[in-house]
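In the two complexes below, chain A is the common chain; its partner is chain B in one and chain C in the other.
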Partner chain A sequence: MGRKERKTSVIEKKKEVTVSLENLGLKIYEQMDKGYFPSIEMPSRSTENIYYDPNFRQFILGDRKVRRTARNIRHIKPFTQLVWAAFFSHELTTQRKTSTLRDVYYSAQAYEMTFKDQQESNNIITDLETILGFSREDFNIFPEERSAVFGDLTIEYTVPGYEGKTLNLTSHPDGVLIGPALTSSEFIETTADKVIAIEKGGLFTRFIEESVHKKFNAILVLTAGQAPRATRHFIRRLNKELNLPVYIFTDGDPWGMHIAMVIISGSANAAHLRELTTPDAKWSGVWATDIVNYKLPTDPLDEVDVKRLYELQRDPRYKDPLWQREIKTFLKIKRKAEQEAFSRYGLTYIVDEYLPAKLKETK
Partner chain B sequence: MGRKERKTSVIEKKKEVTVSLENLGLKIYEQMDKGYFPSIEMPSRSTENIYYDPNFRQFILGDRKVRRTARNIRHIKPFTQLVWAAFFSHELTTQRKTSTLRDVYYSAQAYEMTFKDQQESNNIITDLETILGFSREDFNIFPEERSAVFGDLTIEYTVPGYEGKTLNLTSHPDGVLIGPALTSSEFIETTADKVIAIEKGGLFTRFIEESVHKKFNAILVLTAGQAPRATRHFIRRLNKELNLPVYIFTDGDPWGMHIAMVIISGSANAAHLRELTTPDAKWSGVWATDIVNYKLPTDPLDEVDVKRLYELQRDPRYKDPLWQREIKTFLKIKRKAEQEAFSRYGLTYIVDEYLPAKLKETK
Partner chain C sequence: MAQVTFEEISASDFFYRNRDIAGFTNPSRAIFAAIRELVENSLDAAEGLKIPPDIYVRLSQEGEASKETHVYRLRVEDNGIGVPPRHIPSAFGQVLFGSKYKLKQQRGTFGLGGKMAILYGQITTHQPATIISSTGGMSKIYIYKLMIDIQRNRPIILDRKVVINKEHWQGTVVEFCLEGDYLRAMPKILEYFKQTAMVNPYANLTFVDPKGRLYRFSRVTRDMPDPPKETLPHPYGVDVELLQRLIQVTPYNNMLDFLKNHFHRVGEITARKFLEFANISPSKKPNKLSHQEIVRLMQMLKKFKEFLPPDAGCLSPLGEELLKAGIVKELNPDFVVVHQRKPSTYAGHPFIIEVGIAYGGEVPRKGSFVIYRFANRIPLLYDEASDVSVKVINSMNWRRYKVTPDMPIAIVVHVCSTKVPYKTVGKEFIADRPEVRREIANGLREVARQIRRFLTKREHVDRERKRLGVFSKYLPKIAQFSTRLAGMDKSPDVEKLLRSVKKFGTEGT
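Moving on to the complex of A and B:
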């Protein structure tokens, strides 16, 4: 990989974000300067305007637009809130401070900007994402949740106080937290030839202890349940910037399947964003057919599991034969199994037998 | 701090754990060798045998004993399960592999050892803790949850592949995960003179960004809600081995209070253990009186909050005047506030004004 090429990606994007926030302000200023009531147009995020796009392999927004104008008295409040959100995002990114959605809600009060509740401020941040096409993490608004990564990848920080410092992601054997600093780092060097994402913390630690990163030349990512958006973006970067194939291992149940699917194809409520998916990533198990083939210890599917499986069966993201086959198999065997179930064959069976078999099968 | 002295603590304890597991096996073997049905005695963990001890400042077990003997046909199953759990813990610790409670449940099947459900295997592990006086983390059985730490502390790993390697806990600005490797590391060197524990991830990141670790010479610990047991033990070690005072900052509500209390005085269901508490740690806020004094944005207490406050009011751990005063104030103002509420005065107010005031007040 070209070091130079990498080094520009994160820094360039930060600049783009700042410029696009400033352009938004400029546009509003120019409208007022010309004596117009300022207005902003954006794609509608209502359910009727969300479509699954087979090319992008994710949900996208259709052609319906929403227009906010200061001329309309009912629009003045959300319009003002939006302008404040853009201003505050600009403050965060230029001052290089991070925040959370909860924090944004309270920070508004420092500016005598009132939001009825956090849902209202969250919506305004999503409006800003929709208008500018960047995700809130690009505005330095991060989720509380943190997951982790481990493997031979050297990164270079861009955050204040750490600029130019590098870290190899094998430096801490409990894994390296994926927070704002790691997310905004440049990828410098790796010997890995694949990414293995794992749902459970215990198994992530097992994989490190059993040197899966060395034996399989892999960068290991812990999703810790549903992967936080920052982690999904991080997995995408590993795939796109380093050309590494991504294999996802989850529990063998509808919720595990969906953890994999959201990494692969994203979610409907991020239909306005393009950088949270990894369409070429593979769900490598635990499949319903694995439960049968490996004779795993199981629990019965409960009512909620079954309901969820029928929902997924109709979901456009699940139309591929493999997913449909696995959904059908779950419904047929009426059982589910956790990743840890492989321990019935000994603690290292999952690494020694199951993992290589599945990597080969889903290559 | 003496480097030599530190270096022995973790390694010595590991040896003690192995020896005590082996002694348990030896004792059972000797009983059988003499022609006796083997038996084991341990303190009862039933509610009637749990007392709050003002000296230990935690719950402890009383004098009631439980005896398991292979002579009693109803005891044979739990007795066998216990012996297996001790064997499996010995395997884990000597082979230096880690596990989770979930994993132990499934692993049993590899030995044709059946547990009805995970609750049953969890109970047997707790029996083993009670008999030997070590916690399950000492047997390499770790929780899934991970929290994080950041600050000038150099540690030395003892886990395979990393023996003798050191890491400074400022090396990753998102924080360093507190997992099995960090938990089992030796503390080598620090310039910090206090520990600040924080409930929320967003605020932990804010503290790092605002250099709280430098400005206040502090090691920052993220509890990420209720602190996992490994983190509580880690905080205790920072306090006992490095003589660092511990200040805990949580949300201003009964749940935040209790996060602090469990770090300080532990929980009733760990009454059989002594190494999960930090009795001298201070709850430094957000207090109910802070809500009043700092005029924080609040939410009303709901029914569950109020019920919880009345429970805490009667809890022996909460008998000190400060806790009682804060509980009364919550009940009087009928409001609660989150840590992020300070952002109404600007993002750095909490670090610039509130934190130094509270560190002074609770010194």
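Moving on to the complex of A and C:
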């Protein structure tokens, strides 16, 4: 893909977002102008309307709709909050400012719009996502939690003041934050041929120190626990735009497993959104079978771990034989292990032995 | 072996030794009881003539008695019926002498109250009491200085003056000194005046306290309840003592006339039927009845089912209108509802229950209901927990009526009877008689239903106001944000929408 063309795609997306926000405003304005109580229809996000779609390989919303109307005393407050959120997002995107969910919560007060709590304002933003089919990052609302990336990838900024500037993501040894500026930048070029996503900061730093990016020709992504949506979207772009296979390394327990799964198949919370999943990404470890094969030091599974495993066993996203086998193994050995457990074989064992073996195994 | 001596004591000696039972327990209770007894005598005196009472009470400090107690001079003036001069010494100087032993509803019953106050003053200060009284019209004003001979229960007249009554003044003034603790008694005394004013809305009450502070409770009406008619004892209410007394004084010399003339609700036919039922000859001479026959007569009177229940003409309830006026006057509530029950009886004594509930206004919010208890228009301020009304109130399921203790709710219960079932001569609380309890409960349920209606309606109005508030808060905002978002200049008109919400206002959504 040519450089210029890509740039246009980012700008066009921005345009699309502002127009859809304006149309929402117009729709409400016209209803009121005609003397009606304004109303909006949107797909229901209740659990009965969330389905797993094997084609998309992620959760999607069904056909059920809900109608928010200002005529209803119980709806009018969230309705107003929604119109405000749309207005506020429009301000952000047109003025090219960014914000966080926390900011949104506080900004509301400047407009005498009160939210009961952070949760209430988060929900309204999710409503807006559902109605318009864009994710909040498209409205320039970014998560608080930040993960990082390191590797030979050159990007070009699109944020104000940095337009046209480029950066190579090996330029800082701690990695580069996956923030608004990075997620809105264009990918220019890379020599990498794979992406390795890592759950924990300690291991991410170790991989950089051990030059994993060079030895394995990889872009390293730190998910910092459950990957934020911007990071999931970023991983998806690496996969789709640059055609790079993605390998995920997490702790060997149900929670680590699920971190990988959300990157691959998404979460029910984001069933109203697309483009956050990377269905071809691979969970490369630490598997339950690795615990056995590598004789890793372990901890016993506790009650919540076991409960979680049974939940996952029934989850449609986990129906593949590999996942089912690992869940069963966890339940059988009743042990779990952290990524750091490989240190029992020396600090570089994980890079020298385990990593190449698993990359090969999950290719 | 110790020597046992026997002696007789007089009535005044008895009450002097047992002043606790009349409410003169300690210096603070004593000062409260003294004021109360005199004010009640004054109210009775004015009401007997259906004159709206004007009562002036002054308590002034005379000197220090001990660290906590002081000597006070108490003066109570009224515009009542007055006391005929020949009765003044006994009415104020002889315990168990009075004009209220009749069967009609009055505050006074025992012939004791005023004297206990004077007696208490005398034993604590050794000073005489002054009584000034005139029965109005042409009669003169009589001024007596009295003390009580406790051992003989007789008044000692120290001085007597007669003054021309140029202004035709009618009324009574009682003045004497007593020891007490006003500071500790003050809250109860002020509460007493307030509640007396509530249940006597036709009275003017003025109180000047030892600090010179003036408390005035003005009447809001000159309407007064009809004075009670005197009545004969009802056959269900008599005891052997009463029968014996009647037999001694009766001018009738056969049982038929005796029954017809001395008992309430007993006519010719009923008397004959009863005598047949009791197997007593109509011509039998009452004074020939043996003691056993008298006991049997009493038992048969109680057993006979055909006496009509006592007539309530001897009662003088306040009436719904006056009770309401009194509550409004003292509590200024947002809502008040009162109810008067039909007359009922217990043990041959007629009684009427009046109840009221007040919400909001000056009713304090204290985490529990404010309970006002009255008996024959007297506030009852002590021993609340033992009172039958409180027991009934506590056993009711108020949630059913949407009433919770955190609300500003006052409950008023007024018991009127020729014989209020007091537990003590101190007239502090009403005993738990099943008939009385049932009537109180029925009355309270009635007013509770009405307060529920009020609360429901108010809730509805509140909800409606809130609902409109929500629309008028948010619709303009929706208009504002959508206008800016759509890039329009002029905001859509929300007034029409707001009006439509109002129109269908009560439907809810």
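The rule we apply is simple: the second predicted complex is superposed on the first by the 356 of 363 C-alpha atoms of A that agree within 3 Å, B and C clash if a C-alpha of one lies under 4 Å from a C-alpha of the other, contacts with A are read in each partner's own complex, and residues count from 1 in each chain.
As a convention for this text, a residue touches a chain if its C-beta (ideal position, glycine included) is under 8 Å from a C-beta of that chain, and two chains touch if they have at least 3 such contacts.
Small disclaimer: the values here were computed from a predicted structure and weren't measured.
Judged by the touch definition given at the top, the superposed model places A:42 against neither chain B nor chain C. When the shared chain is aligned, chain B comes close enough to touch A:201, but chain C does not.
Considering which of chain B and chain C touches more of chain A, the answer is B. When both complexes are overlaid on chain A, the residue A:244 reaches neither chain B nor chain C. By the document's definition of touching, of the two partners only chain C reaches A:71; chain B does not. Judged by the touch definition given at the top, the superposed model places A:341 against chain B, while chain C stays out of reach. Within the superposed three-chain model, A:171 lies in touch with chain B and out of touch with chain C [touch as defined at top]. If you check the complex, the residues on chain C that touch chain A are 467, 470-471, 474-475, 477-479, 481-488, 492-494, 496-497, 509. Of all residues in chain B, those touching chain A in their complex are 96-100, 102-103, 105-107, 109-110, 142, 144-146, 148, 157, 159-162, 167, 171-182, 200-202, 205-206, 209, 211, 224, 297, 338, 340-347.
Chain A meets chain C in the complex at residues 21-22, 24-26, 28-29, 32-33, 35, 37-38, 70-74, 76-77, 79-80, 83-84, 86-87, 90, 111-113.
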